[in-house]
Amino acid sequence: MTRLSNVWSRLFRSYSIGLAVLIVIAVLAFLTPDFLRVDNLLNVLANASIVGIVGLGMTLAIASGMFDLSVGATAAFAGCIAMSLVPDYGILLGVIGGLIAGAVVGLSNGVIITELRVPAFIATMAMMTIVRGITLIYTDGKDLYLYGNPAYKVLTRRLFDTVPMPVIIVLALLAILSLVVTQTRFGRHVLAVGSNLPAAKRSGVRTSLVIWGVFTIVGVTAAMTGMIVSAQVLTANARLNFGLELQAIAVVVIGGTALTGGRVNLVGTLLGAVLVAAINNGLNLLNVPIFYQEVTVGVLLLAALAINVGHGFNPLTYLRRQS
Amino acid sequence: MSVPGDCGPPLLRAQGISRRFPGVLALDNVDFDVSPGEVHALVGENGAGKSTLINIMAGVYQPSAGTLEVKGRRMVLPNPASAQQAGINVIFQEFSLIPDLSVAENIFLNREATRGLRIDWDTMHRRTAEVCRLLQIELDPKVAVRELPVAQQQLVEIARALAFDAQVVVMDEPTAALSEVEIDRLLQLVRSLADRGVAVVYVSHKLGEVFGVADRITVLRDGKRILTEPRSALTEEQVVSAMVGRELVHTECPPRTPGKVVLAVRGLGSGKAVRNVSFELRAGEVLGLAGLMGSGCTAAVETLFGLRPMTSGEVMLSGKALLMHGPRAAIRAGIGYVPEDRKRAGILPDLSILHNITIGVLERIRRLAVIDAKKEQSIMDEYGGKLSIRYSSPAQRAANLSGGNQQKVILARALAENCQVLLLAEPTRGVDVGAKAEIYSLIDMLVESGIAVLLQSSELPELIRLADRCLVFSSGEPRGELVRGELTQPAVMALATGLANGQAELKLLRRDPLGQEAA
Amino acid sequence: MTALSTTKAKLIPSTLDWDVMWERYGITAVLLGVWAVAAVTTPNFATTDNFLNVLRQGSFVGVAAIGMTIAIISGTFDLSVGTALALVAWLTLWVGGHAGIPAALAVGVGAGVLMGIINGLLVTRVRIPAFVATLGMYYVIRGFSFIISKNAPATFRAPSFTWLGNGSVGFLPVPFIVLIVCALIGAAVLRYTAFGRYVYAQGSNSVAAMVAGVPLQSVTIMVFVVIGLFNSIAAILVGSRLYSTTPGLEPGFELRVIATVVLGGTRLSGGRGSMLGTVSAALLFATLSNVLNLLHADPFLQRVVEGLVLLVALSIEGIRQRIAERVSRTKEVPIEK
Amino acid sequence: MFSKRFMAVLGLILVVAVVLSGCGAAKVEGKKKIGFSVYDMQYGFFQDMERGTREAAAAAGYDYVLVDEKSSESTMVSSATDLINQGISALIISPFKPDALGPIVDAAKAKGIPVVVNDIGGGGTAYDVIVISDNYNGGVMAAVEMDRLIAAAGKPKKVASITCEASAVYAARRNQGFEAKIKELGYEVVATLSGNSRMEEGYKVMQDILAANPDVAGAFSCNDPMAVGAAQAISDAGKSGSTDIFVIGFNADTIALEAIKAGNMAGTIQQVPYEMGKMTVDLATKLMNGEKLKYDTEKEREIFVPVNLINASNVDTLLVK
């Protein structure tokens, strides 16, 4: 009986989100013809990918039973690092520098959590302020810009004038992370840590290393997002990507990954990102004021979880342990 | 079957091991060793230092002093992985599986077969199948552990320890969640392991098992080693007194004088788990519920307490029909419940003993929203005293109590709700010998005072010691009732397995902790 | 029989006392220490006006943190307090401007409690994990308050109202008095009522609490109501302090409140925590930013420092544990034979 | 009714509180001290304003104390109070939320400290003087310029208006001025959307505006970051923000000037934060010496600072400095 219900909820979880996307697209197409125009759809996909990239990282964090509230700050930080390097060292090194910056922040999150034993929620919350501050100091609160060197646009330019780069990046990332999660020891150990940390420890899993790995990945994805955003506007500053952390968590949750850890739904996360992006875009096309968009996101979140009842408030689930 | 313990060089030797935790000396200069082909039982009451020693052998803790030798080579085991590499595999008592991962992954956790970077699923599934065959259990390697019943989960844990050519296998209370049949199979398995030259460290409260399987027995008490002798040189009485450090007055079941019917259950059912359960329970009587894992006796108790939806039948409590609205309603109606899974469903670790006991009666002892401290204290004194709970102060956190005392706290909680009917599920699981005896005589005392007890237990000796009558369940239904005297292992197994009495050879020498013959 | 004679077991390991002491009084000690140091080192810190201003500033987050403390002890959580604060403050001032103080207070508190109930129902009845339920409400409430306010600021300058946030009784600032009163009430509820006991029970082990007959659902709903209550008091104080608010008031308030509670020694996973710690933590944060201002610290640096302090304060316990373990892990010692 | 320990500790806090607060008032040195509370040092605009204030204060031989409101009204009130409690002789403030100036002005008045408001707004409080650049007319100015450009290029009379975050009430006047004037000039405002004052959202919003109205001919943004973002969205769409769709921003942040120079943006409305900063210090001096001020509006005690139009023709003059 348990098994059956699990199968069902799993099916439902993976399909309900896709269903929602289709419905929303249909409605928007009906409300405004502009929505279905190829250009617009590509923009929606691009914007979805930008949140999706960090969303994928966040999915991993949540699967390991953690959170990262510092991704917004990390994204801004990495964006600034990269932008400041490009003029002297060129695009490639700049991007690498940005990725390293993200990795460093992520890793320090992990170390703080495992070595100083600060709960992930608080640790990353503190890092959020710290990293923003550091970025401000690094940039002296000024804007960094690259009008002289639009080549940096490579991160957002459309390949062969069709597929936007972010979409390609996010798909590649999806492929890689899916492989990592399903096919590698690290991936399985991430789920183990999220599912039952003490047991994983006792079985000899290097839980600290796993957690460091997860947060490093989150940091790197955040860096990617940050660099793409600053490539869009050819500018980087400490204020970019404000509130990205909540967006990222939102798409993960809407995508149907359980907050209880131990399970992932990477595809769902991307669909969640598409859903949110599509709705915001549609409401903009319809010239709807921004705060209606926030209400929609909120309702969406609640709806998404109302659907996936079960891992919610239900102490009786302990009876499931008996067959 | 027995290999003399002192033959062959020890495979694992611990010398002069001490482990100090801030404030306590958990192990005090303990020597312990185990040789290939030997089953070395490690017994002792809770807090005697068994689990500390195990954790040191498993590389979870480091000794404060002393050395470990594996095959005569000095070793430091900084972490569990290193212990595994040294060929030491531990089956921990607490549930240590990853619910969201598959059987195969759990068995191979942290030792996954890999091809390059990728996990080699074929090999893992194949070898899982092999292990299962070895254990004579059917498990789908691909199914997620959270979807298995507890008993099978326990088997997965065991399979995990045996999946690798382990040289040393440490089993900490491996039978806690197992039914008779499964226990028998497990003990046979342990034996065959030893015969294949594996060194087995077997930790258990159940002396029956210990004497059934061990070659040598070591007793720990208060962190010190009390004795290490070949089993043949020991009687259970000696072991018990070595464990508790005093002669235990061994108690018989006092004569009972049941009163009028308190609880009448007719055609009780809950989904597929429980079907048409009917019985009458009298004041001052103990009705046992026996059955294998998943036979429905546990579920029946949970249904009576409102933890499972009652889908059919009726329950009359002293004449009045009882509506099942969940635990609160049951408690109000006068039903007390001591859950099977103390950690998960019983104790409130962060609350003081006092608060743990009174949690259920707060509404009764408050004057306009404010809890009456005096009344609360008096409840504490009454039941704390009656159950002789050992604590340093009523403000002590329940988390720091021994299993036995925690169990007594939960019992006190049920009594404080002054219930007429007491539902006991596995009242002595994970409780050590001394405390067990106390809890038995407590139950006698309560029954004496006219409380009706429904006792669900997987330990037959317990049922024999306590129950006046016993309902035996299988596949969700009671298959028959045995009264005191008829209550023997073969009879129970026959009903429980639904087989002819010929199955009696399933029986293995099992006795109750206090050393009298079970059957 | 011997086994039944009551005997007192050996005392609990001494470390536990340390834990308890640190949990209950650690942050308070830190606060007093910081005050002492600041009084000596920081010019103008120990002046009447400035110090009272610190007490005043700490009180606003502090009052909201009282409710959050109870919530976190019970093992749940509320991310919507920030936007709820903005909405309540706006409503209070707007109603105050139109219908006078009593109505304003009534509406303010009413709104806060209502939002609490909604959160509670989402968590218990719809069974959405508190984290996401309140995250959703965070967006919904913010959008809603922009919509009803049509994004105009609400202003209410009646002296008798602004006194709440800016006045003093004797020399003590009103908000600080409110904070102390709220803290005492909160502590009393936790200590002396069945509800308080249930809060700890549920946070400590919800399954066991249910089996022991704790009405989980009503407790949870009640908890969110309590948050709403204290949060709306905080909102009223803030509104009164500012004379005027917009729906965009105080972004990130929820995180500051949670940080305060956790810094106060309440365990994020529930079951343990105290009001005293929360009050001290609130005052500590206020003191910190005040001192940084008095020292003319670079605004950018201030952000870093505030984050670091939070980390350090929360690391102390973890580091202490590690040290304790390392001490008791003295490696191999030669065995005397 | 509480445990002794609890009450004891609580008592201890109170005692220490009383002791500390009993230590008398701040000592005022001979040198006069100017306190400046800045809106948010994260923004280039306010960095310039702060520089102007600081340098002027130094030139006049004052001590100078800065606090950052970090875009939060309660931080604004608390840190301004911190200033007042340090015994400053004059308070200069660029308020994050003018309506919340009330308690600050009251506190300052109670100590006889003059209050000079720098830009944003006065919130109808009892400040002594406010130096304010004319947001509304800035918007009008942008409308006129945009009309000139669009007419010259002979494009359809369709424009978009990008607003700051919903709560930035005073900046919203720029869009009001722009929309009023541009409509008056016979244009259609096809979209009014918020980019939350943030560059990346300005980019997104512009994308969506383009999708819905491919024939939009101009876009006015409430601040420069969003304008820059919008301009990038336009160039990503293969058009130009200075020749195809005319983007005009507000503030003349360096980044916008660079964008204009690079031909990504048509223009911006310049405010002169640096000069405004210097001005406020002079006004503070006058007030401290009890001189009478000349206001542009007696009632509101406003002194207007002209705003100028910046476009490709005159952008270089600014970039040199």
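Think of it as A, B, C and D in the order they're written, each chain with its own count starting at 1.
Here is the rule we go by: contacts are C-beta pairs under 8 Å (C-beta built on N, C-alpha and C of every residue); 3 or more make two chains touch, one makes a residue touch a chain.
Worth saying up front: this structure is predicted, and the values here are computed from it rather than measured.
A.B. asks: Which pair wins on C-beta contacts, A-B or A-C?
C.D. replies: Of the two interfaces, A-B and A-C, more C-beta pairs touch across A-C.
A.B. asks: State, to the nearest whole Å, the distance from the C-alpha centre of subunit A to the C-alpha centre of subunit B.
C.D. replies: A distance of 44 Å separates the two centres.
A.B. asks: From the C-alpha centre of subunit A to that of subunit C, how far is it in Å?
C.D. replies: Using C-alpha averages as centres, the distance is 29 Å.
A.B. asks: Let me have the rounded angstrom distance from the C-alpha centre of subunit B over to the C-alpha centre of subunit D, please.
C.D. replies: 70
A.B. asks: State, to the nearest whole Å, the distance from the C-alpha centre of subunit C to the C-alpha centre of subunit D.
C.D. replies: 33
A.B. asks: Can you list the subunit A residues in contact with two or more other chains?
C.D. replies: Each of 136, 141, 289, 291, 316, 318 in subunit A touches at least two other chains.
A.B. asks: If you look at subunit C, which of its residues touch at least two other chains?
C.D. replies: Those would be 146, 151, 192, 207, 209-210, 300, 302-303.
A.B. asks: Using the touch rule from the top of the page, what residues of subunit D touch 2 or more other chains?
C.D. replies: 41, 166
A.B. asks: Every pair of chains that touch: which are they?
C.D. replies: Those chain pairs which touch are A-B, A-C, A-D, B-C, C-D.
A.B. asks: Touching residues of subunit A toward subunit B in the complex: what are they?
C.D. replies: Interface residues on the subunit A side: 1-3, 6, 179, 183-185, 188-189, 191-192, 194-196, 198-206, 262-263, 316, 318-319, 321-323.
A.B. asks: Quick check on the complex: what are the subunit C residues that touch subunit D?
C.D. replies: Its residues touching subunit D are 25, 28, 31-32, 35, 39, 44-53, 55, 57, 60, 146, 151-153, 155, 157, 162, 165-166, 171, 180, 184, 187-188, 191-192, 238, 241-251, 276, 279-280, 283, 286, 289-290, 293-294, 296, 299-300, 302-303.
A.B. asks: Which residues of subunit A touch subunit C in their complex?
C.D. replies: So the residues of subunit A in touch with subunit C come to 69, 112, 115-119, 121-123, 125-130, 132-134, 136-137, 141, 246, 249-250, 253, 259-260, 289, 291-302, 305-306, 309-316, 318.
A.B. asks: Any idea which subunit C residues touch subunit B in the complex?
C.D. replies: Of all residues in subunit C, those touching subunit B are 1-16, 192-195, 197-198, 200-201, 203-205, 207-215, 271-272, 324, 327-333, 335.
A.B. asks: Under the touch definition given earlier, write down the residues of subunit B that touch subunit C in their complex.
C.D. replies: 15-16, 19-24, 62-67, 76, 246, 248-249, 251, 305, 307, 326-328, 331, 337, 339, 344-351, 355, 358-360, 362-363, 366, 369-371, 385, 388-392, 396-397, 400, 402, 405, 413, 417, 434, 437-438, 441
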